[in-house]
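The two complexes that follow have subunit A in common; it is paired with subunit B in the first and with subunit C in the second.
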Partner chain A sequence: MKVDALFEWMATGSRCGWAAYQHAQDNWFAAIMIGLIVTAVLVNIFRARAGKQLYIRRIPGLDAIDEAIGRSTELGRPVTMITGLTAFGVVAVQALTIFKYITKQIARFATPMRLLTGDPTVFAVAQEAISDAYNEAGRPDLYDPDNVRFLSDRQFAFASGVAGLIQRERVAANFMFGEFFAESLIFAETGNMVGAIQIAGTVSFTQVPFFVAACDYTIIGDEFYATSAYLSREPVLLGSLVGQDIAKFLFALTAVTGVIASSIVGTKHPFIKLLGQPGGWSEFVNFLLGGK
Partner chain B sequence: MEAIIPHLIAQNIWQLPEANRTVYATLVVLGAFVLVLGLIPVLQALPPRGRRAIVVTVTFLAGLLFAAEFFLPVDWRAIFPKDDPTRNFLTPAIQPAQNVLQTIGALALGLGTYGLVRLHLRNVVQRRTQWGYSVVLLIAFLTMATFSIANTLAERQLLKLEGTPQRVLERGFTILFDYTLVQLDAAMFSLIAFYIFSAAYRAFRIRSIEASILMFTAMVVMIGVVPLGAYISYQLLGLPQGPAPEGAGLGTQILHSIDLPDIANWILFTLNAPAQRAIEFGVGIGGLAMAIRLWLSLERGVT
Partner chain C sequence: MDWFMEFLPRTPERLGIWIGVICTLAIYSLLYRENPFYRFFEHMYIGLAAGYSLGPLGVDVLYRYWVEPIWVQGYWAWAFVVPYGMYLYFIFSERYGWISRIVIGTLIGASAGLFFQEFSSRYLPQLNSTLQKPLWLSSANPDLTVSMVINNFLFVIILLSVLTYFTFSYEQRGGVKRFATLGRWFLMIGLGAIFGNTVMARMGLLIGRIYYILNDWLMIPIGGAQ
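For the complex of A and B:
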C-alpha cells in the first residue's frame, strides 16, 4: 500500500497535457525566423574561426572588472560573485563563464573570493568551474572548495545569507551576474553600504532599475550574453555575437514591416497574422491561394 | 507488427503500461542505477578526449529531442487517420526528459546541502571566527529537516503516526514553518522597502541632464498612478476627464490628454513597454545563440 502511494506520488509530476506545447506547425513563419537566426549565428562563428577580424564595441562595466579586483587586492578584502537564484541553464552557464574569467584574474593576485549561489546544480558546476579557473591560472593551491557556497534555495533565506556575508566580510568588490528577483536590491544596497565596487549584469529586466540605482556599473539585456565574448575575444563567441546582431536586425525589420503593413491594411489582415499569431501561416497561405 | 504501429502512434509510448506498473517501474529504476554505476568507471577510465566525445554526443542527442519535437509537424492524420493532431510522436517524451533534469537537480541538492553542512561543521570543529552562527545553522538545519521530512511522509501516508507524536509533529511543523520561516521571509522582504528609499534617493539626485529627466519622469509616473494625480488634474486644475468627444477640436483633444494619469500611462505603455520589449528581444536572441553554442558544444566557458 505504501509502495503504491509512493508510485502514485512520483507519477503525479509526469501527468501533463501536451496541447499547450508550441510547435513550428503553429506558425511556420516563426520556425523560419528561428532557422534564419541559427544560420546567421553559425555562419558568423565559422567566419570568425576562419580568421575574419570582428569588431566589438567598448562596454565600460566590463572594463571596470579589473579595477574592482585591483581595489580588493589593495584592501585585502574578498571579492563576492553572486549568481542569484539562477537555475542551471544558459543564463547560469554564461554567469559562470564570467565568474571563471574573474577568478582567473583573482588567482593572479591571490585575492580572496566567495562565489554564492542559490541553486544546487549551479553550485556543483561552479565548484568545477572555479577549480578549473585556478588550475588554468597556474595557482591550484589557492582553490578552497569552501569559497564556493550554496546558501539556500529559498529566496529570502539566500538573500539574508548573502547580505550577512557581505556585511561580515566587508567585501571590496561585488559581482552579480545571472537571473535576479526581488532580492537583487538587498544584495546591491548591502554592497553599497560596505563601500564595495559593484558590477551587475542580468537578463531580468525588471531588476535592471534597482541595479542601475545601487551599482557602479550595470550590464543590461543582451550585453550580458556579450560579456564572455568581450572578455575572452574568442572567435566562436565573437562570431556568435555578430550573428546575434543580424538576428536583431531581422526582428527590427519584422517589427517595422508589421507597423507599416498594419497601418495600411489593418491588424486583421492575414499578413499581420503571419508575423506573429498561431495559425497565421495557414491563413496567409489560404489568402495567397485566393481563399479568404 | 500490426499491433506495434498503433501503439507507437498512441499517446503512451513513453509511459509505463498500467498493468504491472510497479514491477516495470522497479525494473526501470534498477536499470538506471546499473547504467549509472556502470557508466562512472567507464567515464573515469576514458582519456579526456573520449570523455568529451561522450558528453558532446549526449548533449547533442538531448538537444535534438527538443528541437525535433518543435520542428516536426504535429498533425499526422494524413498518414495515420486515428492519430492525435495535437502532438507528434516525440511530444510525450518531453515531460519524462524534463523529469530527468529534475532528478539531476534533486541529486545536486544533496551535494549542495553536503557542502553547506561540511563548511559549518568545519567552522565549529576548528572554532573559526563567529563559529556560533554555524552552530545555530546546524541546529536549525537538523530540526527543520527532521520535521519537514516527517511531515511530508505523514501527508503522503508513508508514515503512520497517532496520538501525541502526531500532534507534536503537526504543531512543531506549524511553529517552524508557518510561524518562523514564513515570518522571517516576510521580514527580509519588507526590508526591500527601506532599500528602495535609499537607492531611489541616490538615483534621483539631480547631478546631470539624464538624472534630471529620470527624476522628472519618475515623479510624473509616481504621482500619475496614485489618486493624488487624478486629484491634481481634475479637482485642482479642472482638466476634463476621459477621452475627448468625437469630432472635438485640437484644443479640446489636448486638454483631454494632458492630465497626469494619462501622461503616466503614456510613459508606461508607449515609452517604457517598447524599450522593455526591445531588451527582451535582445535577451531572447542572446539566449538562443548561447543555447546553440552549448548544443553543438562550441561553448568552452565552463563546459
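For the complex of A and C:
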C-alpha cells in the first residue's frame, strides 16, 4: 500500500515532471519476456567480451561497400554518406559505426568524402567519429571538418541540399544509413541520375521499397544492426545481435505454441490472455484457482 | 488583354502565386540538371528553413517544454535541463570535450530505455494478437470460417519465414535457407504493395503542383474548377 502511494506521488504529486512513470499493469508476461531478452543479450555480450568468437553471417550488401569505394577511387569523385534526419540515439550510433568503417577504407586511398546530416547532435558526434576514423586509419591529415555537414533539420530543405550536392559533385558512391522518411526517394533517385553506386540501409520499413527500387543494394530492417556488428566486431553489438536472435526464437516459439493452444482451447481462454494481455495474469490465476 | 492583366502579379495574392510557381519550377529544374537557378533556390530554401526552425524551437520546444513547466506549472526540476543540455557545446573544446560525453551518454541511455518501452507497448500486443489465429476449425472457436483459417495459416507462415530471414547468428543452409528465402519473397511482395501505394500518393502531390501552375497561375480552368 505504501509502495502504491509512493508511485501515485511520483506520478502526480511530486511536481517534478515524473508523470510519465509507468508500471507493468499486471502484464507479467511482458515483464518476463523483457527479462529473458535482456538476459540473453547480456549473457552474449559477456561471452563476446570474454573472447568467444560469435558468428554473424555475411550480408550480401556488405561486399558492395568495398566495390563502391573502389569505383569512387578510380573515378576520383567523392563518396557521400547520409544519415538522413536520424535523431541522435541507437540508430544514429549504428549508422556512424558503419560510416566510420567506410571512412577508414576511403582514407587508405585518399578518396574525398562528404557526410550529410539533418540533426545537429548527430552532426557534432559525426565530426568526432569521422576524425577518429581518419586517425585510426593513420591519415589524420586527410580529415577536413567541412566534409561533415549539417544542412537543415527541415525535411525537404535537407532533401534539396542533398540533391544539389549529389548533382554538383557528381558523387560516385552514395551510402545512406539511418532513419529516412519521405525524402528517401529524392536521395536515391538523384544518386541514380548521376550514376552513383548506391547502398542503403534503414530501419524505417516504409522507406525500404524506395531504396530497393532505386539503389544497387539495400540492407533491410534488422540487417542494418547486423551490418554495424559485422563491420565493427564490437563485443556489445555482436552480443546484442546474438541475444536478439534468441529473442526471435522465443517469439517464434511463443507464436507457434499460442496458435496451437488457441486452436484447441479457443482464443478467449485465460491461457491465451496470459500471453501478453494486460490483466491476463490475474485472470489465469483465477482460472487455476477454480474461479471464472 | 483582360486575362494578361489579371495574370500579372499586380496584387499581393497574385504576387504570392508567382513566387510559389517560380520556386516550384526552380526545384523541378533539377530533374533536367543542376543549374544556378536551382542552386539559388536550394540555398534560399535551406536558409529559410534555418530561420524558420528558430520559431518552433522557441515556441514548441523551449517555451512549451521548459519555460511553461517551470514558470506556469511550477515543475522547478526542469530548470536544470537546458543548462545540462548545453554541456553538449563542450564538444568544441579540446580540453573540456569530455563533459559533452555525459550528455551524449544520457541521450543514448534515454534512447535505449525508450526502445524497451516501445517494445513492451508495440511488439508484445502484436505477439498476443498473433496468438488469436486458430489454425483449424473446432468447437472452441465457433465463429471461425474456412477463409479465416487459410488467412491464419498464411499469416503464421509469413511471420515465421520472415523472422527466420532476419536471424544472423548461424549459417542458413538447406531447409532453413529455403524457408528464409520464402520469407524474403513475402517481404518483397509486401514492399511492392507499399511502393505502389506511396507512388500513388506522390502522384497526388505532383498533380497538386500541376494544378497550382495551370489553375492558380495560368488561370486555365481544369478539373471542374471555375
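Here is the rule we use: the second predicted complex is superposed on the first by the 265 of 292 C-alpha atoms of A that agree within 3 Å, B and C clash if a C-alpha of one lies under 4 Å from a C-alpha of the other, contacts with A are read in each partner's own complex, and residues count from 1 in each chain.
Please note the rule applied: contacts are C-beta pairs under 8 Å (C-beta built on N, C-alpha and C of every residue); 3 or more make two chains touch, one makes a residue touch a chain.
As the structure is a prediction and not an experimental result, all values here were calculated from the model.
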Query raised in the report: What is the contact status of A:Phe109 with respect to subunit B (first) and subunit C (second): first, second, both, or neither?
Result: neither
Query raised in the report: Which partner does A:Leu54 contact after superposing on A: first (subunit B), second (subunit C), both, neither?
Result: second
Query raised in the report: Does the superposition put A:Ile34 against subunit B (first), subunit C (second), both, or neither?
Result: both
Query raised in the report: Is A:Ala157 contacted by the first partner subunit B, the second partner subunit C, both or neither?
Result: both
Requested in this report: Pick one for A:Ile220: touches subunit B only (first), subunit C only (second), both, or neither.
Outcome: both
Report task. Report for A:Gln94: first if it touches subunit B alone, second if subunit C alone, otherwise both or neither. Result -> first
Query raised in the report: Of the two partner chains, subunit B (first) and subunit C (second), which one does A:Phe181 touch, if any: first, second, both, or neither?
Result: neither
Report task. Considering only touches as defined above, state whether A:Val125 meets subunit B (first), subunit C (second), both or neither. Result -> both
Report summary line: Overlap of subunit B and subunit C contacts on subunit A, residues 16, 22, 34, 88, 90, 93, 121, 124-125, 127-128, 151, 153-154, 156-157, 160, 168, 185, 205, 208-210, 212-213, 220-222, 226, 241, 248, 251
Report summary line: Residue set of subunit A touching subunit C in the complex reads 15-17, 22, 27, 29-30, 33-34, 54-57, 59, 88-90, 93, 121, 124-125, 127-128, 151-154, 156-158, 160-161, 163-164, 167-168, 185, 190, 205-206, 208-210, 212-213, 220-223, 226, 241-242, 245, 248-249, 251-252, 254-256, 258-267, 269, 272, 275-277
Report summary line: Listed in rising order, subunit A residues that touch subunit B in their complex are 1-7, 9-10, 13-14, 16, 18-19, 21-25, 31, 34, 37-38, 41-42, 45, 87-88, 90-91, 93-94, 96-97, 100, 120-121, 123-125, 127-129, 132, 145-146, 148-151, 153-157, 159-160, 168, 182, 185-186, 188-189, 192, 203, 205, 208-210, 212-214, 220-222, 224-226, 228, 232, 234, 236-237, 240-241, 243-244, 247-248, 251
Query raised in the report: Tell me, which parts of subunit B touch subunit A in their complex?
Result: 15, 21-22, 25, 69-75, 86-88, 91-92, 94-96, 99, 102, 104-105, 108-113, 115-116, 118-119, 122, 130, 156-158, 181, 184-185, 188-189, 191-192, 195-196, 198-200, 202-203, 276, 278-283, 285-294, 296, 298-303
Requested in this report: Note which residues of subunit C are touching subunit A in the complex, please.
Outcome: 27, 30, 33-34, 38-39, 41-42, 45-46, 48-50, 52-53, 69, 73-78, 88, 91-92, 100, 104, 107-108, 110-112, 115-117, 119-120, 124-125, 127-128, 130-136, 138, 140-141, 152, 156, 159-160, 163-164, 166-172, 187-188, 191-192, 194-195, 198, 202
